[in-house]
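Below are two complexes that have chain A in common, paired first with chain B and then with chain C.
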Partner chain A sequence: MREFDTRVVIIGGGATGVGILRDLSMRGISAILLEQSELGHGTSSRFHGLLHSGGRYVVKDEDAARECIDENEILKRIAPTCIEGTSGWFVHLQDDNPDYMKAWLTGCSRVKIPVKEIDVAEALRLEPMLSRHVEKVYEVPDASIDGFKLLWANIRSAERYNGKFMTYCNVSSVRVENGCVKGVYAENVRTGEKILIHSEIVINAAGPWAGMVAASAGAQVSIIKNKGVLLVFNKRLFQRVINRLRAPRDGDIFVPHETITILGTTSYTVGSPDDNWIMPEEVSYLMNMGKELLDDIEHQRVIRAFAGIRPLYEEASTVVGEGREISRDFALVDHEKLDGITGFISIVGGKLTTYRLMAEKVTDWVCNKLGLEVVCRTAEESLIPPVEEKLKDKARTMFGVAMADKMMERLNDRLGEVVKQVSQDPAQGQLICECEMITKAEIKHVVHEFNTTSLNDVRRQTRLGMGTCQGAFCTYRAIPLLADLLEEPGKLREEITDFLDERWRGVVPILWGEQLRESELTRAIFNTTLGVGQREQGR
Partner chain B sequence: MKYRDDVITSLDTCIKCSACTAQCPVSKVNPNFGGPKWLGPDAERLRLESGAILKLALDDCSNCKTCESTCPSGVKITDMILKARRKRSLDQNTPTLALKMRLRGYVLGRAEYLGRLGVIWPGLTNKVLGLKIMRYGLDKALGISKFGPLPPYSQALGIRADQAKDGQNRKLERKVMYFPGCYTNYNEPNTGRMVIKILEHVGYKVVVPDFHCCGLPLEANGQFAKAQVNATHNLELMENYLQVNVPIITSCTSCGLTLKEEYPKVSVPGAERIGQQTFDLFEFLWSLHEKNELPLNFIKQEISLGYHLPCHLRAQGIGIPSLRVLSLIPGINVHNLDVGCCGLSGSYGFKKEKYEISMQIGRGLFEATKIGVNHGDFQEMITECGVCKVQIEHGAGVPTKHPVWILAQAYGLA
Partner chain C sequence: MWDVVVIGGGLAGLLAGIRAAQRQKKVLLVTEGVGTLFFFSGIIDYGDVEQLRLLPGHPYQLFDQETINRGRKYMEQVCPDYIDTERSEAVLSPLGLLRSGDLVPKGMKLPNLLSVGSVVLLVPNGLKDFFPEIVVPNLTNVFKNGQIYVENLVVEEFQRWFELGRPITSVDYADYWRTQKGHKVLKQAIGKIKEKFSSRLENGEKSVVVVMPSLVTEYWENARRGKWVADFPLSVMEISSFSPSPHGRHLAEYLRHIFQDLGGEIVFGARAVRSELEPTENGYQRCKQLVVQSKGKELILKAEKYILATGGLLGGGIEAINEKREIREAVFDLPVFIPEEWSSPHFFEDQPYAFAGIMTDHQLCPINPLTREVVLENVYVVGRLLAHWDPWIQRCGAGVSITSGFVAGESV
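Our next item is the complex of A and B:
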């Protein structure tokens, strides 16, 4: 058994966890983060990608809305390359309740969310796909945010302050002695190695898994696991976030995200954090809902569906109900008060937009517990070090403006290494993924620089396989670049199957039209020509 | 509604099979060109996101439309690329093209004006354009390659007014309208005269109004507004004829493609009919043959020819009607070389930085032509497209003409 010493252990590598790791590290408190899979494999990568302005909460929960607009402004400042300032519209359609609109406008002015009315004719010119039934349009500072990029930016920032993290490391139990936290027992799921980390404090930031983590310490946290299904469209349907101006319901938001558009979402309580399978009826339900904002939705190509689990916090006194009735606000549960375990807290609920604030509150609590007085600086210091203008220009000349800019957003300060590779050997500039325009050099860089163990890890860092073809062409091109990582040749075959399975999982619920043709082509390439990848697809 | 029928629809249709890239003549010789899939539907997704994508690479496409002929899903790939060029030309943030390039676009796009100037005194123009110093000057000043095979000018074809007194008579006569195009009009008017002779021989009166350039060279050289003006002008001249089902005949494959594919998108009266009422000359003659209306009293021709299929004829999706018609002539033997694009592609190969690539694209055709001649298979080439013709003569040194001349011989008209 390998043993480590640290002051704080964080369980869960989602936005909250990495935010806490960054904050603790910046305040000089040693911490190790443990993640059971890859960073962001849970809720933090399985959402619509909206950076809230607060507009969606302003009528029901002014406090949550206020937190959103504050954090919205902070994140735009500290993480510009993770965010696209698309702005967002709240759209009032014919027959929508005018009273809600009035309440919404009042709420926005009270919470100080800047609202600008857009002339309907102008709105239809700017967003030609928008429903012709639109009667009022208001613009707010919504934006789209990339969950993966945000996680990596936090982790790298934390690393600069000596923060540590371990992925594929599953916590077996929280070690408690005499009512006091002493650390955690964990296991590396890849190697089977047992790990013991000694610490004074353990923070449970495991999202939908938080209940299970708490239970391992003999404590109790009740999490409602609320499934939201989302659809990914092949291209940008709108240039702005489009919200329906009514009480938030299913299928009433479109978020443009990089090359795609995401339609969300549903709200359905499930039993397990892993229960994120999608039923065909959920997809047709979403399409019907989306049609109210986008008349021509049937003719737009859907490339996949996915689902995330919202970990909603249910206080003992709260009446059990469907997800949207429960607060999206977060809570800090001190298990000393509730369960008599000192040094153990759970951070539950909340939204990605407020992850930094949640981390700040947790870290304040930790400082208080450890008797330290250090102020939080996460709102002031940029997450990402700036890239030299000279290097940017070089990359733009080499790859063209848009392709270089996308690459910069992914690589940031590590751009230089990829540019160097390609200038030494132009063949490294070959495109492996044409849908998302990812070069051989960038994939090689990701494979060798970070703790990458699979093609899915490469995907989460580069968007490889997330475009139109869903892996049909990039999979067999990228796999040889992983040969160094996978010791036996047989593993390559397994790796292809794993990767295609993951892609296939999201494609199965939306198999119609062009994506059905695409899947048949994929099957022909892998199952027939190459004779691989049959585990799921042969079904 | 227009937006929804736009390129945006065909973007979703692409399943990334890459058949277009496998067939693209530019991709074959230029390893830095990512191919039509990449520049078309792939980049379109990024263009919808940021608009700033692959601006320079857009000029690498030669607009030959081989990708569109190839695509099994029917994606309008070249259309997408041309529209991106148009968007680029309207984009305030694009660094304006160097004056030289803008001037060149102006010159190469206006084959018509050049033609009108050239035919005033063709002898002099040809002498001047033939001067090495002049070509050197064009090369340096405008970036028009000094090696490119600029075609010589002749006496213009001119217009042929409609002799009918009023609209009543129009319906009774067997009449066609001929759209000769700039190349025929100014560089090879005798071919145009022969087209008219043939049409008359098969029983049709021929009207040739004062058409302007079809607009394709303008589009290809970034002069989009002017292309629109031309299309509108030409459609106005055609409108009355289109209403009474008079066929429009083309002998230039690029004009034919433009009339069939681009003009229906212009919003003026007649545009809705132009697509189905335009016929390539041989397509029209074959349709007569199918109705048993084509005279078959051919003189036997003991002749062997090589044939090159122009990309813009292939893109019309009508097969090769000239070969079908010529096969009716006894004694004739045609070798269809079937080696793809000649490389010149309108004005692409005249551009200084594209000349080399254009010659590389055409290499397969030049080789096949030379081999055919060396083997004694044929001594002469035929092809419908004027610039394909000058490129074959330039690259292979083998005399080339429009197939209408062979038909004329067989009818005893030439």
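Our next item is the complex of A and C:
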């Protein structure tokens, strides 16, 4: 059994976990983060990618709205390359409740969310696909945010302050002696190696899995696992985030990201954190809901559907109702008070927009517990180290502006490495993924840096396979890299199958129109041209 | 007024047009492009015909075995460069793996594997989507008694592209091999290999084979002119295509020439958008005329008979128009067979939606899937558009297209 010493263990590599790791590391407190799979495989990458202005919560929960607008401003400052300042519109349609609109405007002014009315004719000129039933349009500082990029930025920032993390490391149990936390037992799920980490404090930031982690320490946290289904369209249907100006319901947000748009979401309570399969009815339902804001939705190409599990905190006193009734606000559960276990807390609920604030609160608690007085600096210090203008220009000359800028957003300070590789060997500049414009050099760099062993991990770090072709060409092009990664060459077919299955899973619910056509091409390539389908497996 | 209008210029449409034109019919072919030949590996698969004929509704059931064989022979006759193989492990995939194939270009057929002593993989520099590092170990498994060597072929014309990081596709290279200069470069490169290995050959070593991706023009042109042996003293064989496919482009060009040589006429960039029907004497319906959009104009085309070869879900002959899985056939609005189950959760498993398509009688006239009555008397459906099969998993894409195209060309 391998043993490590640290002051704090964080369980869960989502936005909250990496945020805590960064904050602790910046305050000089040694910490190790454990993640059961790859960073951000859970809710942090399975949402609409909306950086809330608070507008959505302002009527029901002013405190949450206030937190949102504050964090919105902070994140735009500290993580500019993860965010696109699209702004957002709240759109009041014919027959929508005018009382809600009044309450919303009052709320926004109380919470100090800047609101600007947009003339309807102007709105339709700026967003021509918007429903003709629009009657009022208000602009707020919503934005779109890339959950993956935010996560990598946090983890790299934490690393610069000596923060440590281990992926594919599953916590078997929290070690508790005489009512005090002593660390965690874990296992590397790939190698089977057993790990013991000694620590004074354990933080449970496992999102939808938080209930299971708490139970392993003999404590209790009730999490309602609430599934939200989202659809990805192949282009920017809107240039801004479009919200429906009514009490938040299903299918009333469109969020543009780079070249695509996400429509979300639904709200449905499920039994398990892994229960994120999507039914065709859910897709139909979302399309119908989306149609109210976008009349022509049927003629738009959907490239994928996915679902995330919101971990909603359920206090013992809360009456269980439909998902949206429960506050999305977060809670810090001190298990000393609730279960008599000292040094163990769970951070539950919340939303991505407020991940930094949650991390700050948790780290404040840790400092208090350890008797340290260090102030939080995560709101001031940029997450992203600056990139030299000269280097940026070099990249733009090499790859063209559009491609270089996309690369920079992904790579930030690591851009130099990739540029160097390609100038030494032009062949490294060939595109592996043409949809997302990812070069061979970039993938090699990521693989090397993260010691990555699967194509799905490469995907999460680079967006490989996440564009319109959904793996048809990039999977083939990644084969040489994959062959390098895998220790056993026999696993190549298995790995390709895993990757294509994962992509397929998001395509199955939306198999019609152009994406069905694309899927037929993918099947033709892999079954016939390359002959790597199951029928050949005897060979 | 035409005898026959063929809609769609993929494999099935072209072959149907050729057969009809050869039978002295006045044939017009309207097509938007080359259909899915753009993605063609270069290998003609028939699949396990006997087994496939047992599957309910499979297009092979529409024909007897003898007709299927006649279609195959016809294809060989039309394309003498395509030759019959013994099916198993006949050709190389783009990854250098052994793959079966029924009719393959001469240049693609593998020699007796055990007799090969040295294999030289000749790689055009910077060729896109070709991975020597994967192909070489796979070739080592294929040529069990052979030693594998790699030669990089640097072509001056593409050096600038390469330095700029611009991808050079196999179609780009195939174009270059077509030019006199390209031809010379290739000849020299192979000559050098011959020189290098001549001492070994003289020492009685086993044969030397040069393996190359995208050699398409060479085998077509040289096979025709009979210059093959003189120019290429070593046996040179090629790997099947990835997309964009030089083999597919060649086959399309070749078949078009044959069709035009037989007096067939072609309108390119033309999309059939709708049709007008009229009742027949015996109470059925027939197509009176066809409306085709070309260069922003609408053309009205009239023919005795129409061959519909617009492809399936990939080619665009049918389209699943919404999430309710309604499927539409655009030209004649034919009733489509739609399977109840739609998809399987695993990518490589059978996907039921692939069986969607148009059902026909034995003459290939479209029928209503429920009543089984003929819908249009003078329309013949061929190729991927037919229902109840999956070309990718059953590996019979070209086989069904050739058979149905041939049969339609015979019966119109």
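FYI, the second predicted complex is superposed on the first by the 532 of 539 C-alpha atoms of A that agree within 3 Å, B and C clash if a C-alpha of one lies under 4 Å from a C-alpha of the other, contacts with A are read in each partner's own complex, and residues count from 1 in each chain.
Note that a contact is a pair of C-beta atoms (placed from the backbone, for glycine too) under 8 Å apart; a residue touches a chain by one contact, two chains touch by 3 or more.
Predicted, not measured: the structure shown is a model, and the values here were computed from it.
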Winner by number of chain A residues touched, once chain B and chain C are compared: C
Partner chain in contact with A:L521 - chain B first, chain C second, else both or neither: both
Touched partner set for A:Q36, first chain B, second chain C, both or neither: neither
Touching partner for A:T266 - first (chain B), second (chain C), both, neither: neither
Partner chain(s) touched by A:E258 [first = chain B, second = chain C, both, neither]: first
Partner chain in contact with A:G467 - chain B first, chain C second, else both or neither: first
Which superposed partner A:L431 touches (first chain B, second chain C, both, neither): both
Which superposed partner A:V422 touches (first chain B, second chain C, both, neither): second
Touched partner set for A:M403, first chain B, second chain C, both or neither: first
Touching partner for A:T16 - first (chain B), second (chain C), both, neither: neither
Shared chain A surface residues [contacts with chain B and with chain C]: 431, 473, 517, 521
Complex contacts: residues of chain A adjacent to chain C: 280, 283-284, 287, 298, 302, 398-399, 422, 426-427, 429-431, 473, 476-477, 479-480, 483, 489, 497, 500-501, 503-505, 508, 510-513, 516-517, 520-535, 539
Contacting residues of chain B [partner chain A, same complex]: 3-4, 8-9, 11-18, 34, 37-38, 41-42, 44-57, 73
Interfacial residue positions of chain C with respect to chain A in the complex: 36, 39, 41, 45, 93-95, 97-99, 126, 128-129, 131, 133-134, 137, 162-165, 167, 240-243, 312-314, 316, 319-325, 342-343, 345-349, 351, 353-354, 391-393, 395, 397
Residue ranges of chain A touching chain B (in the complex, touch as defined): 128-129, 234-236, 256, 258-259, 296, 299-301, 400-403, 405-406, 431, 434-435, 437, 467-469, 472-473, 514, 517-518, 521
